[in-house]
Amino acid sequence: MWSLFTSHASDFLTGFGWTILSSVIALIGATILGLGFALLQIVPNRAANIAGKIYIEIVRNIPLLVITMFFYVVVAKVFHLNGFVSGTIGLTLYSSAFIAETIRAGINSVDTGQYEGARSNGLTWWEAMRYVVLPQAIKLVIPPLGNQFVNLIKNSSILAFVAGMDLMYQANMISQTTFDTFGPYIIVAIFYLMLTMPLSYYMRYLENKLEN
Amino acid sequence: MQEFLQAYSWINMRFLLNGLWITGIVSVISILLSFVLGSVLGIIRYMGVKYLSRIVGFLIDLIRNLPLLLIIFFTYFALPKIGIHLNVITSTIVAMTVFESAMLAEIVRSGIKAVPKGQLEGALSNGLNFYQALWYVLLPQAYKKMIPPIVSQFVSLIKDTSLATIIMLPEVTFRAQTIYAQQPKFIIPMFLMLAIMYFVLNFAISRLGGYIDRRMAS
Amino acid sequence: MPSKMKKRILGLALGSLMIGGLTLGLASPTVQAKSKEEPKNQTYYQIKKTHKMQWGVKGDTKLMGLMDIKTGKLQGFDIDMAKEITKRVDPKAKPVFTQITSGTRIPMLLNGNIDAIIATMSITPEREEVVDFSKPYFKAGQAILVKKDSKIKSIKDLNHSNMKILAVQGSNSLQNAKKYAPKAKGSALQDYATALTALQSGQGDALTTDSSILYGMAVDNKDTKVVGGNFTDDPYGVAMAKNDPKLRHAINHAIDDIKADGTYDRLAKKWFSDVPGMSWKEVAE
C-alpha cells in the first residue's frame, strides 16, 4: 500500500488538490447562493417566496449526476466548460438547495417575538434580519451547515464522472494501470477521511455544546 | 419540437421506464434493509454497551464520512474476492444498504435520545424491563418523529442510485445516456425527461411523507 | 439474570452480527492475498458443470457490442462471436452477457464476476501479465475521430498544448496517442457514450480509440469523421483468467473452427459490409 502511494504520490496529491479546490469553491458559492435562496423564501413578497421554493424543490429532487452531466454535455455546447468547471458548478447548485433549507430552518427556529419586537421598535424588515434574527440563527445553523459541508466534500467525487481530475478520478486511473482495485481506493478513502472526519467531529462537538 | 416527439417514442420510453423500475426496486429494498439494520445499530449506539457501542459508532462514522461512490466500488470489487458473487443489482443494494444503515443509525439514535428521560424512568418503575420499555414506549415515539428524516433519506437514495451507473447498473440515468449516445439529437429531451421523472417521483414521496407525518402528529 | 447483564449480552450478539456485515466491504482487501492459490482450470470446469458461460461485453460500441433500445438486448460482432465460441466450448452451454466498460472489465474477470471478456480488447504485454489471451480474432488499430468541421487531419495535428484528446478509462488508447502527440492534454471518461457526447459538446478536439469503434460512431453521427487512418496495430483477443489452459485451448480451437467453416466471414459481412471506410474482408487477423 505504501509503495503504491509513493509510486503514484504526485497523482494522489494532484487529485487531493483538485478535490479541495472544487470543494472550497463550491462551499463558498453554495453558501452564498443558499443564503440568498433562504432569504428569498422568507422575504415579505409572495412571488419571491414561490421562486425560491421552486428552485429548491427542483434542485433537491434531481440527482447530482444528472445536474453535472447536464453542464458537461449540454451547457458546454454553448459556453465552453471543462470537466472540473462543470462538476464544480453542479456541486455548487446541488449543495446550495440543501444549504438554503438548512439556513431557512435556522431562521425559522429563532423566536418570532424577537423579530416582532425589532419591527415594533422601528427597524425595517432587512434591519431586523440583519441585526436581530440572522446573528442568532447563525449559531443554531453552524452544526447542520457543517454536516452539509461534509456532504459537499463527499459529493465532490462526482467530478470523476466528468474527468474532473479529483481524487476519485485519479483512483480510477491508477487502478486501471496497476490492475489493483483496492489499493488506490483505500488510499483515496484515507484522503477523504482526512477532510471529512475532523469536520464531522468538530460539528458534533459544537452540537453537544449547543445542547448543554 | 419534432425531436421531442421522436425522443419520447414508446420504444424509448419503455426503455427508460424499465430503468426507473430498477431505480425504484433498488431504492425500496435498500431502504427497508437499512431501516432494520440502521435501527439495530442505532439502538446499540443508544444503549451504550461497553466497547461494542464504541466500535459500532466508529464504523458508522467511517461510512458516513466516505463518498458513496467509494462504497459502491468497494462492494462491487471486494465481495467477489471473498467468494461472494453478486450481480450488479444485488451489489448496488448491498452498497446502498451499508451506506444508508449508517445514516439511519444516527437518525434512530438521536430519535430515541429525543424522547424525554421521564418516559423511560416511568416505564421502568411500572415494572417493564428495559427491552419492553424500548419496544413499547421509546421506539413508537421515536419513530413517529423520525418520519421526515427517513423520507428525506429515501429521496436521497433514489437520487444516489444514479451513481451506480459507474458499475453499469441499468437504471434510468444509465439508460438515458445509452439513448442519447446512440441518438445525439435526443440529448436535451433525455435530460428533460430524466429531470421530470426524478422530480415527480421524489416530490410525490416528500409530499406523501409530509402527509403521513401530519396524520401521525394529530 | 439482571436486566443490565441481559442488555449487554443481547447487544453484543446483535452487534457482532452487524459488525460482521458492515466490515465485509471494508475488511475484505486484507483477505484477498490469501486466496491466490486456486486449482487449475476452474472456469473451464465451471462452464462444463453449469452450462453457462459468462461473458463481459461492451454495450456502448456500435458494430461490436451495443445495447439495442428496442429489445433491451446486446448485439454486435463481439456478441455474435461470443455466442459462436460458447457453442463450441460446450454445446450445451448458454452465453450470459454482462455489460462492462474498459475500466471495469479486468477487475471483473480477476474477481470472477465473468468467465471471459470479448469486448474490443487489444492484446498488450501489460495486460498479458494479469490475464491470458486467446489468439487474435480481429485486426484492430487505433485512429482518431474528429468533428466534421475540424481542421485536424491526423494524430500529428494534435501535438499542441491547447489540444485535448478524449479517450475512455481503462483502455491504453490515451497512452498510445500521447506517443504521437506528447504535448496534447488528455481526458479519460467512463464509457464511449460519454466520450462521444463529450467530443460533440466540444470537451475535446479528438476522440481516440480503435478504428472499428470509431467507424461505428461515425455511421450514426454524421457530424463526426474518422481521419488519418490507423496509427497502431493492436489486434483483439478474448481475455480469460490465468491458470486455465483448458479454457484457453477450447477458445482458440473455437476461433479456428469459426474461421474455417465460414462463420467468421458471414459475421464480418453482416456487421461491416455497409460501413464506409471499412472492408469486411480485412478484419480477420
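By letter and in written order, the chains are A, B and C; residue numbering begins at 1 in each of them.
By our rule, a contact is a pair of C-beta atoms (placed from the backbone, for glycine too) under 8 Å apart; a residue touches a chain by one contact, two chains touch by 3 or more.
Keep in mind the model is a prediction, meaning the values are calculated, not measured.
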{"item": "Chains in simultaneous contact with chain A and chain B", "value": "C"}
{"item": "Maximum centroid distance from chain C, chain identifier (CA atoms)", "value": "A"}
{"item": "Innermost chain, where centres are averages of C-alpha coordinates", "value": "B"}
{"item": "Separation of mean Cα positions, chain B and chain A [Å, integer]", "value": "20"}
{"item": "Whole-Å gap separating chain A and chain C, where each centre is the average of the chain's CA atoms", "value": "36"}
{"item": "Chain centre separation (chain B, chain C; CA means) in Å", "value": "31"}
{"item": "Touching two or more other chains - residues of chain C", "value": "29, 32, 107, 111, 190, 194, 197, 200"}
{"item": "Per-residue multi-chain contacts in chain A, two or more chains", "value": "73-74, 161, 181-182"}
{"item": "Multi-chain contact sites of chain B, meaning residues that touch two or more partners", "value": "62, 74, 77-78, 165-166, 177, 187"}
{"item": "Chain B partner contacts - residues on chain C that touch it in the complex", "value": "3, 6-8, 10-12, 14-16, 18-19, 21-26, 28-29, 31-32, 35, 59-60, 62, 66-67, 69-70, 72, 98-101, 104, 107, 111-113, 190, 192-194, 196-197, 200, 220-221, 223"}
{"item": "In the complex, chain B residues that touch chain C", "value": "11-12, 15, 18, 37, 40-41, 44, 47, 49-50, 52-53, 55-56, 59, 62-63, 71, 74-75, 77-83, 85, 87-88, 94-95, 98, 101-102, 129-131, 165-168, 170, 177-184, 187"}
{"item": "Residues on chain A engaged by chain B in the complex (per definition of touch)", "value": "57-58, 60-66, 69-70, 73-74, 150, 154-158, 160-161, 168, 181-182, 185, 188-189, 192-193, 196-197, 200-201"}
{"item": "Chain A partner contacts - residues on chain C that touch it in the complex", "value": "29, 32, 102-103, 106-107, 110-111, 130, 169-170, 187-190, 194, 197-198, 200-203"}
{"item": "List of chain A residues in touch with chain C within their complex", "value": "72-74, 76-77, 80, 82-83, 161-163, 172-173, 175-176, 179, 181-183, 186"}
